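Residue numbering begins at 1 within each chain, and the chains themselves are lettered A, B, C and D in the order written.
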Amino acid sequence: MAAVRILVTGGTFDKEYDELTGVLFFRDTHVPEMLRRCRARLDLTVETVMMIDSLDMDGVGRASIVARCRDAAEHAIVITHGTDTMCETAAALAKALLPAKTIVLTGAMVPYAFGSSDGLFNLGSALSFVQVLPPGVYVAMNGRHFVWNAVRKNRETGVFEAANG
Amino acid sequence: MAAVRILVTGGTFDKEYDELTGVLFFRDTHVPEMLRRCRARLDLTVETVMMIDSLDMDGVGRASIVARCRDAAEHAIVITHGTDTMCETAAALAKALLPAKTIVLTGAMVPYAFGSSDGLFNLGSALSFVQVLPPGVYVAMNGRHFVWNAVRKNRETGVFEAANG
Amino acid sequence: MAAVRILVTGGTFDKEYDELTGVLFFRDTHVPEMLRRCRARLDLTVETVMMIDSLDMDGVGRASIVARCRDAAEHAIVITHGTDTMCETAAALAKALLPAKTIVLTGAMVPYAFGSSDGLFNLGSALSFVQVLPPGVYVAMNGRHFVWNAVRKNRETGVFEAANG
Amino acid sequence: MAAVRILVTGGTFDKEYDELTGVLFFRDTHVPEMLRRCRARLDLTVETVMMIDSLDMDGVGRASIVARCRDAAEHAIVITHGTDTMCETAAALAKALLPAKTIVLTGAMVPYAFGSSDGLFNLGSALSFVQVLPPGVYVAMNGRHFVWNAVRKNRETGVFEAANG
């Protein structure tokens, strides 16, 4: 059974509704609850690196993610990440040259706490790709996987699509 | 972009609650609605083969599934199937010798129409595995994939686990 | 603030899906969770009398419900009950002559554990009617209230409608 | 069967998540869908007056709501409204002196489109109170009803509580 580490960084995936202020915010990650619900039976470790909107992700944050990937004992790593700057973080990971690691970034367009989230589907997709793809850095969204330098988020449609690196 | 055919056969995945009789039954498949919600952007074709509880799956039904796989233009095929006899249908597909096809069976422990279903996760998982695994027949459940003759459903726990063929 | 006792007897309201056997069954009531979610701020006491399908309700069960109503300190009582024999239990309560009590029976057509249940709406309705209706025995379903001897469940449509006693 | 008019004004009740911008916004009201799900069998008319956050409600908006209530043929009116200024709109309605009308304002702390909304419960509660309370202007929240000048929203807890007018 594959050992997989899930690094949580926040993003839409984990946003919740604050009923007193009416704004979306972060509390704890929903990933462990999602894994229980889906009866995942991998050798999984969930580690929260940060809980931020990916528009607030900066070089320091990306360096922290790179360090966690480098330090992880696992060769398979899934990163939950906001979609807006997911490709930038993927690029930072690729430049860090971690040759023995398969790293898959995923996220959600709608928070898991909403009834209609795509989060479960994307998590299932990322966990599957990470077990079978060769070492490298990938984005898994919309049921597809892309090498880090061949993908962009189309901001008009919210869909990830093939792009020249 | 990969062309994938999804063959729907029913199973817990697609069960609904009949509010007049209080029993679970089948109407139309939820797979297209699930794919919309998850913003899947694969080249997908959904085909309903039958809508049955997999305890009612027999040789005629399995022959029909085999025929649909053989006739499909796609090289990647996902089959939604009840979990109770999923491994038997996988075996029937393996024996049919379809060497150019990657076939992944998946299902759910809780109906999609319920709030707490594992169906979206499993669908995301199966659609991902089918794009990257070599030709063969597989079961994708619990975030894992198994070759058809190396898996069984543990009926005490409901979990799919490795088994000698 | 009104003191209200909620007597739980089971019914569709509280049915859950057993993922190992694929049948609906009863475990604990969902009423306390529903009340938390809805931020109910009444002086509420929840008491589970039984957890059964109302097709299995018999004279002994009804006598038990009558006794609980008679013994309750509260003057306002909501009873969650399967819809199939809700009117029979209402009749048994009316015949018990509890002149100081307002008793409202309610239920659901779809289990609360399903995504599309009517349970929350019906619970909100019953809790509201019980605070303002004069003493008597009522059924609250479909957003309406009916005196116990002026209602029947239409088994073709699943709707409660006015009927001569 | 009572004739009830539901006036929709927006509020948290009807907020949705915009997956492209990540903010909450208004599209169409969910009230008709909620009524279908709950199998409401009242003589109901749903009318959208506006779709706004109640922090944006002003004198012109309130005058419009008052006019709709005055013009309505029904004697029972439910108004869905944001919770922040619900009591102010209730006061405006009371000052308009509509002696033959029972008017009940309600709302939600969590949008209906979220999995964990209190909206269905509150809608069931408001529709029930409006059928049995004498003419006047009321707020229905947290399973309770309050006369318009005897209630305030506690902004620390989000709960509506009794207050001197």
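Note that a residue touches a chain if its C-beta (ideal position, glycine included) is under 8 Å from a C-beta of that chain, and two chains touch if they have at least 3 such contacts.
Note that this is a predicted model, so its numbers are computed, not measured.
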Chain at maximum distance from chain C, centres defined as averaged CA atoms: A
Between chain A and its twin chain D, rotation from the CA superposition, multiple of 5 degrees: 180
Length of the line joining the C-alpha centres of chain B and chain C, rounded to whole Å: 39
Euclidean distance of C-alpha centroids - chain A vs chain C, Å: 45
Chain B, residues touching no fewer than two other chains: 109, 115-116, 158
Which chain pairs touch, all of them: A-B, A-D, B-C, C-D
Residues of chain C touching chain D in the complex: 1-2, 34-35, 37-42, 109, 116, 118, 120-129, 131-133, 140-145, 158-162
Chain B residues touching chain C - in the complex, by the definition given at the top: 12, 15, 17, 19-20, 22, 24, 53, 109-111, 113-116, 155-156, 158
